[in-house]
Each structure stands twice: as C-alpha cells, then as structure tokens.
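You will see two complexes here that share chain A, one where it goes with chain B and one where it goes with chain C.
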Partner chain A sequence: MVADVTTPSTPVTGTGGGSRPRIRKRRRPVLPRVWHFLSFGAPGVLIYLCLVVAPIAISFGYSLTNYNPFNPPIKYVGLRNYNLLLHDQEFHTALKVTTILTLIVVIVPNVVGLLIALLLDKRGWLYNALRGVFFTPVILSSVVVSVIWTRLLDSEGPVNEALRGLGVHSPPGWLSDPDFALYSLASIVCWQQLGFCVVVYLAGLQGVPQELQEAAAIDGAGPFRRFRAVTWPLLAPALTINTVVMLISAFKMYDYVKVITNGGPGAGTTATIAFDVLATGFDSNHVGYASAMAIIMLLTVAVVTAIVLRLLQRREIDL
Partner chain B sequence: MKRRSLLALGPAAVLAGGLASCSVKDNTSPSGGSSSGSGSVSGDITFLTFETPNLNAAYWDAAIKRVTDKNPGIKVKKLVSPTADGRTDYAKQLLQSGQFPDVMIAVSPAGFAEAGNLYAWQPAELSAFVFPTANPIKGKYYQLPANTQTIPPIYYNKKVFTDAGIAATPKTWADLLDASSKLKAKGITPFVTGGGKDGFASSMILAGLVSVDIYGKTPDWLTQRRADKVKFSDANFVAVLAKFADLASKGYIDKAAVSRDYASTEQAFLDQKGAMYPMGNWFASSADGKHPFDIGIFNFPTSDGSLVVPAYTGGGMIVSAKAKSLDAAKAFALAFQTDKAQLDASVKSDGLFPAIKGYQLPTDVGPVFKAGYDLYTEGVQKNAVVHTFRWETADDGLLPGMADKVDQAAEDLTTGRKSPADAAAFLDSEWAKAS
Partner chain C sequence: MNTSRLPWLRPIVALLLTALFFVPLYFVLTNTFKPGDKIGHSPASLPIPPTLDNLNRVLTRPDGLFWVSLTNSVVITGISVVILTVLSAMLGHYLARSRSRWTRVLTLVLLSGLMIPPQVILIPITDVLRTLHMMTTLQGLILFNVGYYVPFGVFVFSGFIRGVPAELEEAARVDGASRMQVFWRIVFPLLRPATASVVIFLGVWIWNDFIDPFIILGPSQGTTVTTGVYRSIGQYQIDLGGVFAIMFLATLPVLLFYLVLQKQFVKGLTGGATKG
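After this line comes the complex of A and B, so read on.
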C-alpha cells in the first residue's frame, strides 16, 4: 500500500523560469487508516485466521508428531511422517488415483459441457427446459447421486440388465472390476458436474457480442472458424472458472469414494488422497501421519491450482 | 486356550439357565442383588445408540423406558449415531469434541480404553455375565460381555441343495468344495458375498477360514502376531488365503459381488441368487421371516471335519470413565443389559445369543435362530468355540484400521488382483504401518 500522496505541483507565480517546481509531501495520519482497515477488514481476517489458517497451522503441527488420540503421549517426530510418506506405496497409489480422477473430471465436463452449451445457446421453451434438465444433477446431494448410481451400476442393476437384453452375455463389473471401478467413479462425478460447466459456458456465451459473430460471418468465416476465432477466445474466463472449480473438487474428493466403492474393490483401486487421509486419521487413529498426508495434499492442490490459474489467466490476457 | 477353558464353563450357566435364574431381571418382578437394579441411583446420563431397520427409534425408546421406570432417578438423553456402522467413529468424534457419551452400546472399546476414557468393570459387577473375562484390554474389562454372535455360520437354501443332489451339509472343506462343484454344475452360484461400502461382507468366508484353520489350532495366533512371533506371510496363513482364492478362481464366488453392499447382499441370498450365505448369526432374524424357500444353517467346515465354532462375545455397553454421574451410568448399563424384555427383544430383532446367566430363550424364536443357537451350544459343550478372525476387539484383536485391510485383501483375492502371497505381504505391510 502506498503511504505517501504526492500533491500536484503548482508553479509559483513570479518565480524564475527553469527552476524545478517544489513538491510538497503530505503524510496522512496512520491511526485513522489503521482503524479504518480494522473496522472493515478485521472480521473477515479473523474468520479466515480461525477457520483456515489456524486449522492448517494445527495440522502442520500435528504432522510433526506421532499424535494418536488413543495412544498417548504425543511425541515430536520432526519430518519422520513426511519421510515415511515418500516410501508409502498406498499413498503413491492414492496420488496416482487422484491424478487420474482429476484429469478426467477436469477434461470431460469441460469438453462435453462446452458442446452442450453450444447446442443449448438458443431461445425457446425447449432449450430452457433442457438447461434445467442438465443442471438438475448439480443440485442433488453427492451422497444421493452416489447411492443412485451404485444401484444402477450394480452387476445385476438396470444398466447391466439392459446390456444383457441387448445380447451382451458378460457385461462389465462397473464397480467391482478393478480395471473399471475408477473410470466408473469418474464418470459419475462427471455426470453430476456436467451441469455446472454447461451453465458457466452458457453464461459465457451470453457475453459474446452478436456484432462480432456477424462481422466474422460477413468476412466469410464459417461456423467452425467463427467458434475458433471469436467464441472460444471470449469464453476464456468461463474456461478458467470451470477448470479451477473442477480441479479443486476432484482433488478433495471423498464423498463419492466413500459411498460408492469405499476405496475398493480391493486395496486402493479408487482411494483418493482425501479418502486415505480420513481413513488413516479416523479409522487407524494415526492423526499425525494423516495430517502429514493432508499437508502434502494441500500443497499439491495449491501449487497445481496456482499454476493452472496463472496459465489460464495469462491466456485470457493474451487473447 | 484360556478362552476355551472359560467357554467350557458356559454350558453350566447357559444350559442350566432356568435353574440358576438369578441374574436376568424380569420386568414383572422387582430387581435385586446388584447395583443394576437398585433403583436408588440417580443422575443425568447420555446414551449413544444406533438405528437399523430392526433396532429402530421405538426399540431404543422402549428399552430405555423399561430401565428408567425401574430406576426413576436416572434421566437418559438418547444420542443416535448418524450411521449404524459408523458408531465407533462417531464416538471418536464426540470424544474429540468434548461430548463423549456417558454410556455407549456396541461401540468397540479398543483405543478408548487404552487412553483411559472408559470405566473398567470390577469382577463383582460382571457376576451376571456368562463370560465375564471376555475381551480383556491390558488385563481389564471395559465392555459388558452381553451377547455372543457366531460369525460366520453358513446359511443355505435347502431346496437348491436338494436339487443339486447334496444329501448332507458339508462338514469338511472337501465336502464344501464338492457341494460347490455340484451347485456350479447346476448353474447356481455357490456363495453369496458382498463388499462395497460394507467391506465385512466380502471377507466373511476368509474370516471363517482363518478362524477354523488357524485359530482352531492356535487360538492365540493374533496375540502371537502382536508379539511378532508369527506373520501373515507364514506358510499356514498363506495356505488359508490360497483356499479362499481357490473358491474365487473356480467361480464359486461371484467376483462382481465385491461392490455389493450388505443390504443388497442379504437380499441377493433371499432372492436366490446363490445357494450359501456365510454371515453372522444376526441374519437369523431375517432368515426366520417369510421366504419362498427353506433356509438351513451349518457350521463353517474345517479341514478334517472337526468341530470348530468361530464366535465373538462382547457387543455390550461401555461407560465413560469421566461420566458426571458414573454410578448412574454404570447402573443404567447393567440394568439395560440384564433386562429380560430387552434380551428377548435383542434375540428377536437382532438374532443375538444373550450371554447372561440364567437367561432362557423366548419360546417363540424361529427355527433358523434355534438351529444356529443349537450349533453354538454344541460348540460350547464340546469346548470348540474360537474367536472370529477380524471381529475381535481386545488385546488379542487386530490393530485399529486393520479390519478394513483384511476386507481389501479378501476383495483382491476374489478379483484375482493379488495372489495369496501378495495378499499376505500386503497384510504384513499394513500391520507394520498400523503398529
């Protein structure tokens, strides 16, 4: 924050030409500004400190201990938990699962959502109704969605019964086959998040000036060219929002995993880092170790999100 | 071995219950003897319960009322766990947030006890229980050993067995494989298993196998595992894992079932999607309901046909050591667990075998429950009861978090993702992490 205010220089009448104008600096009193800041900013800062910074600091503190609430006393172990994580195969698997899940959940709803938004960017009751249809899953609880899809994708559920009806003798075990389970899980998440991406892209499309489209059309640009040269660049903010929101929600995914697969089938096939953190902390009672996992997860999410945000925002400026 | 000798005392108490009926409190008669029914204790307590379709709000309210009617000085505030399976985790959360309940039912004492959060019952207070020394934690007893559950007997579809030409229920592992082969040849999936969010449904057969093959010969195997004298990767344990994997590789277990939750698994058996259903004896309450086929029950087969009955005794109440009205909490817990009407209700609703001296079953229990109870009683008489692997909760139980790992190993063996040796190595590795 700039503290000094420079007053405009005013030439003094009658002074000789060539002399530099005299600049007068005036310092505003500090106390009123501090009071001003405190009265407006303090509640927000306090809430942020209590609900975000303090828990992170406490978690970091725990991560340097062997804290197990059921096996006192607590001992300081330095970076031992972090060192163990480097060699923990289960954590590496969770990292891999989270990465795959994140890539799918970021890419698929964005691509499909954009296509649907382009198709729905028209006026009329049918399009309004379809927008409602696509957005409905977003307002459902993730647990409800998980339970519904668990039933649908059961080995003897409606999906496989339909496939059998179509002549598929051995339909896949969508949630029971380790080769399919992660992708089934990702598909369910994509299905629910799709509506969000559609709405954000629709909002972005509303902001594309019609004149630009018409000008491009007059210049001979076809639909694809118009999309590439006019629409897509102007959708950059929508892409940024969708990507960052999907990225963060995929990284911290727990609810779907817990209800649909419980991290299985088997060991770790669908266990995300968030799932492992909670299982380690609350089932195995290794709160110190789980805190170290949570800190690593926090840093990963923060760094990746910052990089992605930076790249997308730079793209917005370039365009 | 200690467990066996303790259980050997059981028949005298269980079978001669009618003669010794001095511990079960009947609603119709004034209670006496222990502090449980004195009626003179007073105080406000919180009581953590959980709800299931069988054990609903009305069940708990009626049970609490029966006790408070006899102990008017005790005021009970009922708490309900958000999920039935997550009640122990919920108790952990309440402890962490300074709201640890005064009394909890069917919450595992492991961890709470070691950290000094639970009241250790004195021998005199446990005099009403058949197995007062069940589930010791560092030599003390924190959970009222209120009931016994056999885990897992095998329920079977009698008609399907008859149709497949299976004349007698399997007693040996070879018999079981033979029966499975005949069922498979008829196009029937031999076993109904589950998994998904209820992982225990995937490891029932493995739990039975380890119990009869390992604990049948070495009852204190898990105590030895805690002392690092044995490992999961020892040849005898790997052989058990191989037996289980063999069932899956032969198609006797449906691989797709590993994503099926407990409720759907039970329904699958009742819908005749398979011939045999290895499950705890609590299934008897459903098995005695209306079905288009008759359900039978037999003990989990052993290698040589000898009788080994895996069971778990515990499941009762635990009391917070820091309860404001500790006497009221203790009195409530003891009165609740020994109330005849409550015990009868638990038999009918949850298929439990009350382990209370002098208790006699209601005369109108169903045939499947009765058959399961008779199998257990025979096991007690012949000193053939062992702990059930994965379900133990005390010093000789799995380390916290390991039960889930056992379920995962069972699922990996079922799907063929891990070999028996790999599954054993996985369990050893997870054990090291949990230690």
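After this line comes the complex of A and C, so read on.
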C-alpha cells in the first residue's frame, strides 16, 4: 500500500526543457499521433477513467442526494450533507483520530527509522541480515500484522504477562481501554512501516560521499555537526519519499481499524475517516452522506499531500 | 557514534534492537509449530517438540478454505499484474514519447491517482461493477485492480522510457517495423528494471490487499488469503494454532518472493532516494 512514490524525480526532471522546442519543430501529422494514442494509450486511460475518475464524479453526485439503496426515492438535497458533516460530532472525532494517527505514523517511523539506519549503515552480512529483519513487516499483509498484535496486546496476552512478570500490577488493556487503543493502533502501524523508512534512509546514507564527511572532519566538525551540516541535507530526497508515503498510507488507514478494534472501544475512539466512510456507506447504507465524507477526505488528502510535497521538494532544490 | 572507541557497541546495540523488533514475528513462527493448548499457557516458549498438526489441519480443512483462498489470490494477483504491466508500459510509452499540452494534462490526471484512497471510490465502484455484471466476481476485482494501480505502473514506466533514446525507435521504424513491433521487440526488453519494480510492488500490494477483495468479492464469493485470514479469526476463536498456521501459510509465498528478489526490492524502493 506504500511506495507510491518510488522514483519521484524522474518524471519531473526527465522532461528536459531543452528537448521540447526540437520536438515541436518537427511535429508529426495528426493522424499518426491519434493512432499512437488509440493503440498505446487508450486501453489504460479508458479503464482508469471508468474505475477511478468516473467513480469520483459519481461519488460527488451521490453526495448531493439522500441516496440510500433501501430507502428508495432519491432526492437532490444540495449541500445539506456537507452542512450536516460540519456539525456531526462523530465526523469530528474521526477527523481528530485520523489527524493523530497521521501525525504519529509520519513522525515516528521517520525519526526512529533514521536512527536505526544510522546504526545499520555499515557493510557486512550482519547488517544486511538485520536490515532484512526490519524490512520483513513491510511485505506482510496488514491483516496478518493486525491479528498478530491483537493477540500480543490482549489484556491477558503475552505483553501483559511479561509486564506482570516484571512486577506491574495491573497493566492496561492496550486495545480495550479507550485511553490507550488509538496509541496502540498507531504503534502497530509504526512497527510495520518502520522498515520502509530504514531501507530508504540507508540507501540515502550510502549516497553520501565519504570525501564530504572527511573534509568536514578535517575542518574540525564533530559527529553531530557533520550529521547536521553534511548528511542531513543530502538525505532530503529520502525524507521526501518517506514522508509522502507514510502520509498517503496513514490517510487511507482502514484494515488495522477494521481487524483490531472495529472502530471501538467506546464511541469511535479509533474510527478513522476511511473507516467511517465505509461503515456509513455499506453498514448503515447512508450512501449520500458517506459520499460527502469521501469527497471531503479526497480534498483533504489532495491538499495536504500537495502542500507537503511542495515544501519538501523546495527543500531538495535549495541544496 | 564513537564506534572507533567502542567497536563492539554498534553490533550489540543493533542486535538487541533487532531482536526486540523481531518478537512479533517470532511469536507467529513459534506458535505455528506448537500444539493449541501450549499456545494458551506459554505463548512465548520454543516449539519443542515441533508439531505440524496446525498446518495439517488448515491444509486439509473439509471446506478447503486455504486452498480456495490461495487459488483466488494467485489468479487475481497474476492476471492483474500481467495486464497492468502490458497496459501501463504502453501508456507510459505514449506519455513519454508524445509530448503535447494534452499529454501533460493526461499525465497529471493519471499521477494524481497515486494518492487517491480506495475508500473514496469503493462505494460507486460497487455500482459500476454491478452495472457491468461483475460485482462479486474475480474479473470485477481484477478490473478494479487494473484501474486503481495503472497510475503507479505509468509513473514507473514513463519515467524510465524517457531515459531510452527515441532515435533507437526511429531507426527501427525507418527499417519498416510498425510502432507496436518496435515497442515489444526493441523497447520493452530494455525496460527490465522498470518491469521488475512494477511486478514486485504491484504483486505484493495486490497479494496483501484486504479492503478491495473484502468489498468487491463480498462474503459469499470465496476469499483471498487476506480475507481468508480475517474470516478465520472468527471461526477459529478457540483454535489459535490454526490461526497462526493460516497466517504463516498466507505469508509464505510473498516471503519467498521477497527472499528471491531481495536486491530488486530494495533497488525499486530506493530508486528515488539515491537519484535525488
């Protein structure tokens, strides 16, 4: 579900500005270009339009109605669904839950992943093997990860057994206590995504020229100064990838919530927007209302991703 | 940081941290090979003596849940990845080679698909697929996968194709080959690293996907390995050994895939991190 942005700079920088006028000068006649599109481009574009673009348009259409498949006459209600969302306590909770989860899932794997990458940035079979261990959860299904941790964090599960063994009298119900559930959930996601950040940072670190480090050392820079002045700026592309990938995967978080807590404990303490959209649409059948939520979700994702991407890429260019 | 003074510190800290990180994975491994009653009272112990009962029970279930799920996952993942590779390589070629205002708009529309959460489109998708009489069928899920993941394929391929000199194709066209022939015989073999990335990532994502098969295949029409695991936690409430065994089996193919292609995995993942 991640890594949507593996080679971000290629398509952008690949369009070398210099080649554009050359192509324009000897523009081919229209017919071959249309044929090129029909034979190469059209099948992919058509499927994308039917299964992604059209559904978004339909979703927007639904959001302006009171559509409920089990309550037939569909009526146009204008922006009433959006208006209701503004005052919907449950939706506000979902926004808060999603924001907290997103912040944790963007920040923690980035910070811890960088520290572990610095630790493992050595040659040799040992470090290769350890890197492999950190990466393994990334290729596991989120359902498998969810089931493992549901068992581990059960109030009578191994984690609490171990805590009791260490002398903690009443360890919390990590997943059943409303005060802990959201943070437990976030930690589980961090555990799974950590390896992704580690591997991307390691690749970034291996791209930092040794000579630069040595030059800085000769100039009298200590290890922390060297990291801040040399290594960290050169890790900018890795930071961009990790942040954007974590951001996108945090926004669409559904599987963990569905399998581990089903939105609970209590009233929606772990229900993300992604979870609420499907629960409202499929379980309560308020399709119109759920569609309005989906459209808000889409706009939020688009705006936040665009802003974050722009900020991080500007930082890369400043190098 | 001062490893020059304490050379043994780094490997020891690294090992300890990795061991801590590994605990949940150990938990699955050890309990897959332990009899059910032992999982209950000593979940962390080593499986001595190991037993294959859990695996056997899952593999020989009368309803064949595991085998049906495995077949479905293999079919869905295999066909989706093949179609996606073909369509997105060609679409990527079109976008990389024909540069006009319209293709730039098209590229933007396609690439913005990279961040669309599936939940935003799943409700109308069920209506679209129902109209096509493809709801609750494998074909419907495959069609959805193709539409949803085509942006990623296009993103990887078009970036890569821009690095392949167009003169190569023009020379072959002058010799009388059609564009299609040139693409499949000359260009596509050069795209192997991009193809590897696309196959690896889409393979793992589609294999591990939960929400889309859960909604599109629905409860009645068979399961994939992930929805199979989800369904089994209800049924197996007492048979923990069975749950661990089915998780182990569901993960095994993708784990082997990863171990075999480890180098390409890391390369695909980090292409952007090092290129800058």
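Definition applied: the second predicted complex is superposed on the first by the 271 of 319 C-alpha atoms of A that agree within 3 Å, B and C clash if a C-alpha of one lies under 4 Å from a C-alpha of the other, contacts with A are read in each partner's own complex, and residues count from 1 in each chain.
Just so it is clear, contacts are C-beta pairs under 8 Å (C-beta built on N, C-alpha and C of every residue); 3 or more make two chains touch, one makes a residue touch a chain.
All values derive from a computational prediction rather than experimental measurement.
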Touching partner for A:S176 - first (chain B), second (chain C), both, neither: first
Which of chain B and chain C A:S59 touches, first, second, both or neither: second
Chain B versus chain C as contact partner of A:V111, first or second or both or neither: neither
Touching partner for A:L103 - first (chain B), second (chain C), both, neither: neither
Chain B versus chain C as contact partner of A:A215, first or second or both or neither: neither
Which of chain B and chain C A:V200 touches, first, second, both or neither: second
Touched partner set for A:F282, first chain B, second chain C, both or neither: both
Which superposed partner A:I139 touches (first chain B, second chain C, both, neither): second
First, second, both or neither for A:S155, with chain B first and chain C second: first
Larger contact residue set on chain A - chain B or chain C: C
Chain A residues contacted in one complex by chain B, in the other by chain C: 150, 258-259, 282
Of chain B, residues touching chain A in the complex: 89, 92-93, 95-96, 110-112, 114-115, 195-199, 254-261, 264, 268, 273, 399-401, 404-405, 407-409, 411-412, 414-415, 417-418, 426, 429-430, 433-434
Footprint of chain C on chain A - complex, ascending: 1, 3-11, 14-15, 20, 23, 33, 36-37, 39-41, 43-45, 47-48, 50-56, 58-59, 62, 116, 119-120, 122, 126-127, 130, 132-137, 139-145, 147-152, 157-158, 161-162, 191, 194, 196, 199-204, 206-207, 223-224, 236-238, 241, 248, 251-252, 254-255, 258-259, 273-274, 277-278, 281-282, 287, 290-291, 294-295, 297-298, 301-302, 305, 316
List of chain A residues in touch with chain B within their complex: 69-72, 88-90, 150, 153-156, 173-178, 181, 258-269, 279-280, 282-286
Of chain C, residues touching chain A in the complex: 1-2, 10-11, 13-15, 17-18, 21-22, 24-25, 27-28, 43-44, 87-88, 90-91, 93-100, 106-107, 109-125, 127-128, 143-144, 146-148, 150-152, 154-156, 158-160, 162-163, 179-180, 183, 197, 201, 204-205, 207-211, 215, 225-227, 229-230, 233, 240, 243, 247, 250-251, 254-255, 258, 262, 265-266, 268-276
